[in-house]
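Each of the next two complexes has chain A plus one other chain: chain B in the first, chain C in the second.
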Partner chain A sequence: MKNLIKAGTLIGALLVLVMSTSQPAFGQNPRLKINNLEKLSSKAAEVVDVTLDESMLKLASKFLAAERDEAEARELIKDLKGVYVKSFEFDKEGEYSQEDVEAIRSQLTAPGWTKVVGVRSKHDGDVAEVYLMTESNTRNILGLAIIAADPETLTVVNIIGPIDVDKLSALEGKMGIPRLDLEKGKASKKPAASHDEKK
Partner chain B sequence: MKDLENDLRKALERREPPAGFAERVLAQLELAPTPKPGWREALISLVRVPSLRWATAGVVACLLLTLGALHYRRVQLERAAGEAAKAQVMQALRIASKKLNVTWRKVQEADRRPPRT
Partner chain C sequence: MTRRNRISPTLWGLAGLLLLSPVASRAGDRQFDAIVQRIQSHYQKRPMRFMGLASFVANRARPEGIRNIKLATFEDLDSSRHPADPDFDAFMQEIVGPEFHPFVKVRSRRDGEQTFVYAKELGQAFNLLVVTLESDEACVVQMRVNPEEMSKWVDDPPAMSRNAPASHSGAR
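What follows is the complex of A and B.
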């Protein structure tokens, strides 16, 4: 009987060890629940809903050409486990509520998530927040979340996996979007910065 | 030595079979069950029949065409799914990149703004 208890304890300890080493982010899940936003689709004038799991990303990468922006996109999604985007454009203000945004934001208070940048303008009602989930021991990026909202638009981006934020940011201007005149280096040197604009 | 040679010659000398031996062997052969032809032999025998030769060729051609069409359809469906996934990836990355840069810009704008007194 004693041997049985000893063996059980040993197996339990081994299981804990295996789980803690093979899954350093055990308990850290970068996947956000954004389905609560689906109710906004009926109110929105324009909806972008992208749901790509790992198998779809792998399929897509087969069809991404080896040239220019598509090659960069392929490199970016190489190790990703999922890409989820919900973006709504409304004809008038007040079509989404702060509770809708808060439902997403509350998930980003979970362990592992860090707000890299956050801007809130009480005057314009603009919100722009970037969060990163990092592995606690290695600091590897496990996921990215972006909440961008103004009174007439709401966008939530959730990327699962090791994403290169600099490369993602640099894609702008290469995929048919006019490049903004930014000093990204300066901004990226300010991790965990949070700006609350109060006018 | 001579005796041995005589014995051998006697033992090996030509003898005629008993009467009716050949008829009895042939009768036994007719009675023996014929082995069933395998599927390969059956298929080949079909082709050997002139009236069935063209029909067999037609069936084989139809089979090949059906298999080819199914394969083509599967490739087309996979291509469509892949192209749709690719478009989604590009759209998602475009939005993510744009929103990231908008956020950086807003941070910079906030930094440049003179502090409130």
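What follows is the complex of A and C.
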């Protein structure tokens, strides 16, 4: 009986150890609540939602590998856990407000999120903000968020899993992610809480 | 081990292979029929007739990478039975059942059309369910797509859903 108790204690301790080393720190969830924007649906001329879970991404990565041009995209998506895109297209300007965008930005002030300041859109007047969530202990990347906006469109992209932000452009135009013509400036990062600072 | 015992696992395997394929297909048919039944029940409207024939023709003319196409079209739906906007996703998920996962949703006010695409993994293939709704029409298409075809869907989900069979064969 004593041996059973010892074995149970050992297994319990091992489980705690495994969970503490493989799971993100408590409260770090890179999944955004994109549904906060649902109220814009009634004003939008077109709304697109894309949900790609891990199994679809794994399958897609196998077949992207067949084409040389797709190799970079394949490397990017093979370890991802999910890609979620919500995009609104409006017939005229002013159909969404900064408060609507703030509903997403406010989630990006949570611990772990940092704004990647070296990335911006080449299109004048367009906003393209890229945020990364990193695990507090290991600095592993847990996810990424993009807010892309111009006067008539608003798109939020949420990628879950490890992703190389330097190769993000390989995913533009794929999986519902819009073509943002992202270009890299300085590769420094800053905490997401100061997101209102100009790029 | 007797000769009979050595042969029997092979025979069982072959029998299993022969039996499993139609069973899987029938299961998919039952699932599709249940979805159609739920739409029928909600809108109190039967699907158009000769959909079996239409499915047969669609399967003959199917593009490469797609098979087991099943389709059903509903006309003259009572639009007052459409759920309110915030409840639409939950309504659709209830219609298609928990086994299908949301994949793409395109709602176009310009076209007055909503397209919902759901996916269900089947080993190395996927079952895609495309539901297109207009104010008084609906079209449901279920198809099994191979990985190459599925990778096209993953590559550009909005474009693929706009060109999906349901967008051409029914609710238009």
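Keep in mind that, in the parts below, the second predicted complex is superposed on the first by the 130 of 199 C-alpha atoms of A that agree within 3 Å, B and C clash if a C-alpha of one lies under 4 Å from a C-alpha of the other, contacts with A are read in each partner's own complex, and residues count from 1 in each chain.
Going forward, a contact is a pair of C-beta atoms (placed from the backbone, for glycine too) under 8 Å apart; a residue touches a chain by one contact, two chains touch by 3 or more.
Fair warning: this is a prediction, and the values are worked out from it, not measured in the lab.
After overlaying the two complexes on the shared chain, residue contacts for A:Glu38 are found with chain C alone; chain B is out of touch. Using the contact criterion defined above for the overlaid structures, shared-chain residue A:Ile146 touches chain B, although it does not reach chain C. The wider contact with chain A, measured as residues touched, comes from B rather than the other of chain B and chain C. Of the two partner chains placed around the shared chain by superposition, chain B is the only one that A:Val157 touches, whereas chain C remains out of contact.
In the superposed model, A:Leu76 makes contact with chain B only, not with chain C.
When the two complexes are overlaid on their common chain A, residue A:Val47 makes contact with chain C while staying clear of chain B.
Of the two partner chains placed by the overlay, neither chain B nor chain C lies in contact with A:Ala103. Shared contact residues of chain A with chain B and chain C: 48, 50-52, 56-57, 59-60, 62-64, 87, 175-176. On the chain C side of its complex with chain A, the touching residues are 85-86, 101-110, 119, 121, 124, 126, 147-148, 150-151, 154-158.
Contacts from chain A toward chain B in the complex involve residues 48, 50-52, 56-57, 59-64, 69-70, 73, 76-77, 83-85, 87, 117, 119, 121, 126, 128-130, 144, 146, 148, 155, 157, 159, 165, 168-172, 175-177, 180, 182-184, 186-188, 190, 193, 195, 197-198. Remark: chain A residues 38, 41-42, 44-53, 55-57, 59-60, 62-64, 87, 173-176 touch chain C in the complex. Those residues of chain B that touch chain A in the shared complex are 78-79, 81-83, 85-86, 88-108, 110-111, 113, 116.
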